[in-house]
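Listed after this line are the structures, all set down as structure tokens.
Across the two complexes that follow, chain A remains constant while its partner is chain B and subsequently chain C.
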Partner chain A sequence: MRAASVALARRALRNFLRRPQLLAPLVLFPTLLLVVNVGGLERTTTLPGFPRVDGFLDFQLAAAMTQSLLLGGVSTGIAMALDIEGGFFDRLVASPTPRLAIVLGRVLAASVIAALQIIYFLVLGAIFGASVKGGVVGVLCVLAIGIVAGTGFSALGVMIALRARNASTVQGIFPLVLVVLFVSSAFFPANLLSSPADVVAAYNPLSYIADGLRQPIAFGNALAPMLEGLAAAAGVAIAATSLSVLALRGRLRQT
Partner chain B sequence: MDGIDLEVAQGQVFGFLGPNGAGKTTTVRMLVTLLRPTGGHARVAGFDVAQQPAAVRRRIGVALQDAALDPLMTGSELVELQATLHGIAPRAVRARGAELIERVGLSQAADRRVGTYSGGMRRRLDLAMALIHEPEVLFLDEPTTGLDPTSRLMLWDEVRRLRDEGTTVFLTTQYLEEADQLADRLGIIAAGRIVARGTPASLKAEVGRPHLDLVLADSSDLPRARDVVASFGDHRPATDGCHLSIGLEHGAADIAPILRALDDAGFAVAELELKQPTLDDVFLAKTGEHLEGAAQPAPEPELV
Partner chain C sequence: MSRCGLRQDLRTIGALMRRGLNEILRVPGGAIPGVLAPTIFMVGLSASFGEAARLPGFSADDFRTFIVPVGMLQGAGFTGAATGVNLARDIQQGWFDRLMLAPAPRPVLLAGVVGSACLRCLLPATFLLIVAFALGVSWPGVGALVLAALLIMGLAAAAACYATVLALHFRTQQAAPLMQIGTFASILFTTAYVPRELLSEWLRAIADINPMTHVLEGVRQGFTGDVTWASTWPALLALAGLVAAFGALAVRAMQRQGC
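Showing the complex of A and B:
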């Protein structure tokens, strides 16, 4: 099981790097939105109720990370769907590959990509003056939350691919990803959102993940928001991986 | 599928011949555990495909109709991945991969991405992947469809070599010549049912007589010429609509009398050919129709 999972993860990683159309959106879109937001909305930090931050970039980095991780989930789903469409999935199923390794290989690769995404935004932030207030521990916490969240989002993508069986349907969830992200506290503090967005944000796990990522970057280490972020990410990861394994079983039952 | 019943002996090449849509691929997908049968039993390499699918998968090699290869990976990477998935020890993976890549003649292209391969190269790589764990039973689903004659002959040679090495091969094809050349035994399938089974020779012997194909100089003479030759044997449906075809009751001995009778009636014969029974004749006898692709030109042996 371990050898098969690692082999499939290596393949997924290698293919991700060889397929720029899947890789590029993970950094391009969030970076562009980050530039637009930081460039045009800097003065929102002066709004009453906005938390005290050194700069809007410090605040927005977590939003860009969360968006990038979500897009990573979409890309993983598309890659899985392409395997199904192209018949490579059938090749795996007709071989003695442990069934769980088909899902684990994907999410394992996604966790590595998630780490790279987080590092990219930390470096980008550092270049433009956003230091991580929580220091090395803070960086490690951001990495941990990001990796777990990225794994969860990718497992969701795999689950959708197994249900939909085609890449265009998986691609179709992209706008939905943005909507879910906008009704969270990723881009603006929850207390500045108006109803009903503030209510949705309170129950949206993305709020906790974004706040968990943001805490060590913008404010310094604080156990509660960071643990909440990690817990939300872990919840998404466990639920999504379980659902994707169930989807795989369902798919294999139909064959 | 409707009551498919067949048995393949160990070490044989079993040809599963039928037109498109007859049920060949569906049968293969059930036998390789990709499709759950809704009824009946099937055992592959001694294991039930529905009850012991994992045991079946360990013992089979599969090259499906559309070579499902990852275009972003190189030939070597794909073969080595397949080796790992089949549990081959990490130390042996590279050597085994290289051995198979060489066997199918892809050493020069091993480090190229599969997306740049031709159809024939993809088929050969697919075969190498199917052989990575030295399977007891190899399933080849229309392995030469769409291939040029040279690639087709190379694949035929490999199938013969595998048989000589003791591998059982289950080969589906829509090509008569391929079935005739490769199969030790055949099952002919039409509309989901087996309509004939046996060795190619025995099946052709069942159909029996040779037939004479005639092309008249003037095609407008065809209806009257058909009446003239009717007494010499069964008239057979024309394969291309412009010639006569007669099953000969007495074999080649009937040729001269037929020609004399046509000459006496004033019909000029432009071409004639005596044909021994083919698998298409078997298909025709069993189903009343010609097999699609029956006219598919066979690869020229001198290209080997």
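Showing the complex of A and C:
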């Protein structure tokens, strides 16, 4: 099982790195929004109720990371759907490959990509003056939350691909990703969100993931928000992986 | 050109525009994200950044009214990009090669492709406006809406020409992110979120030289105040420049096909 999962993860990684059309949106769009948000809304840090930060970039980095990880989930789903459309999935099923490795391999590859995405944004932030206040421990914490969350979002993408079976449908969930992200505290402090987004944000796991990523970057290490972020990411990862395994079983029954 | 030739060209343009519009019914799954995305962006941005309207110097009563024109331009940009993606698909599937064999001038074929984008961009804009008015955005008046419609149709034409150039160069749908990101970025590097005075210095410098800023302000004027000639002519001039520049590049790319 482990060997098959690793082999499929390596294949997924190779294919991913070979296809810039899958890789580019993961960093291009979040970077673009990060730049524009920081340039356009920098003065909002002076609003009453906005937490004390060194700059809006410190605050927005977590939003860009969360958005990038979500897009990673969509890309993983598209890659899985392309495997189904192209017949590779059927050939895998016909081989003596452990079934669970089909999902685990894909999710394992996504966790490596998630780590690269987090590192990219940390480096980008450092270049433009956003240091991680939590130091090395803070960086490790951001990496941990990011990798677990990225794994969860990718498992969701795999689940949707297994149910939809075509790449264009998976691509179509992109607007939904934006909706879920906007009704969270990823972009702006929860206490400054408009109603009813503030109410939804309180129950949205993305709020906790983004706040967990933000805490060590913008404010320094504090156990409660970081643990909440990790717990929310782990919850999404466990639930999504279980759902994708269930979707795989359903798909195998139909094959 | 004879009257008969002109009539034939117009018929060709009309047929290509109808084909482009048919895409909406034929592949609704492909059209829905492009229609929904600007509205989601408008609703989401106003939910997240609505408090920015409380900043001293903000020129609109509420953030949603200020951001609606940005959504309209994004809808036009996405429509233009989708035209390029559809053209790349036609190239990959061989339909475009058959089109090139048709006894019609290349600029006429381009006009048909671009014309469909001009009409299709009204769909996301209409959906956006319906949602915006339902959420309390004030009615800008018929004149302002007509001007806004003309400007976004022009922008869709420029974006479609830009995407056509990329589609003809790369000849694959994999160039879609390049087609989308060009207009997406150019719309955001303007006074999209806040008035010029509230922008960071570096973004203000970019916005000042970005022709899209004039187009955005031209669409926005009716939503945040009165329509004036002083805000209208820079928008028309900027748009004319964009259409002329990208149109010329697209015609050149079309002329080179099959050479």
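Following the convention adopted for this analysis, the second predicted complex is superposed on the first by the 255 of 255 C-alpha atoms of A that agree within 3 Å, B and C clash if a C-alpha of one lies under 4 Å from a C-alpha of the other, contacts with A are read in each partner's own complex, and residues count from 1 in each chain.
In this section, contacts are C-beta pairs under 8 Å (C-beta built on N, C-alpha and C of every residue); 3 or more make two chains touch, one makes a residue touch a chain.
Predicted model, so just to flag it, every value in this text is computed and none were measured.
In the superposed arrangement, which partner chain does A:A4 touch: chain B (first), chain C (second), both, or neither?
first
Based on the superposed arrangement, let me know which partner A:S168 touches: chain B (first), chain C (second), both, or neither?
Only chain C; A:S168 stays clear of chain B.
In the superposed arrangement, does chain B or chain C reach more residues of chain A?
C
For A:E42 in the superposed arrangement: first (chain B), second (chain C), both or neither?
second
Touching A:A202 in the superposition: chain B (first), chain C (second), both, neither?
neither
Touching A:L193, do we find chain B (first), chain C (second), both, or neither?
In the superposed model, A:L193 contacts chain C only, not chain B.
Is A:V137 touching anything from chain B or chain C once the two structures are fitted on A? First, second, both or neither.
A:V137 sits against neither chain B nor chain C.
Determine, under the contact definition given at the top, whether A:A222 touches first (chain B), second (chain C), both, or neither.
neither
After the superposition on A, what does A:A94 contact: first (chain B), second (chain C), both or neither?
Only chain B; A:A94 stays clear of chain C.
What is the contact status of A:R14 with respect to chain B (first) and chain C (second): first, second, both, or neither?
first
Once the complexes are superposed, what residues of chain A are shared between the chain B interface and the chain C interface?
Touching chain B in the first complex and chain C in the second, residues 19 of chain A appear in both lists.
Give the list of chain B residues in touch with chain A in this complex.
32-36, 54, 57-58, 60, 62, 64, 66, 68-70, 72-73, 77, 81-82, 84-87, 90, 113, 129
Note which residues of chain A are touching chain C in the complex, please.
Against chain C, the touching part of chain A is residues 19-21, 24-25, 28-29, 32-33, 36-44, 46-47, 168-169, 171-172, 174-175, 178-179, 181-183, 187-188, 192-194, 197.
Looking at the complex, which residues from chain A come into contact with chain B?
3-4, 7-8, 11, 14-15, 18-19, 83, 86-88, 90-97, 253, 255
Contact residues on chain C for chain A in the complex?
On the chain C side, the touching residues are 29-30, 32-33, 36-37, 40-41, 43-52, 54-55, 174-177, 181, 184-185, 188-189, 192-194, 198-200, 202-203.
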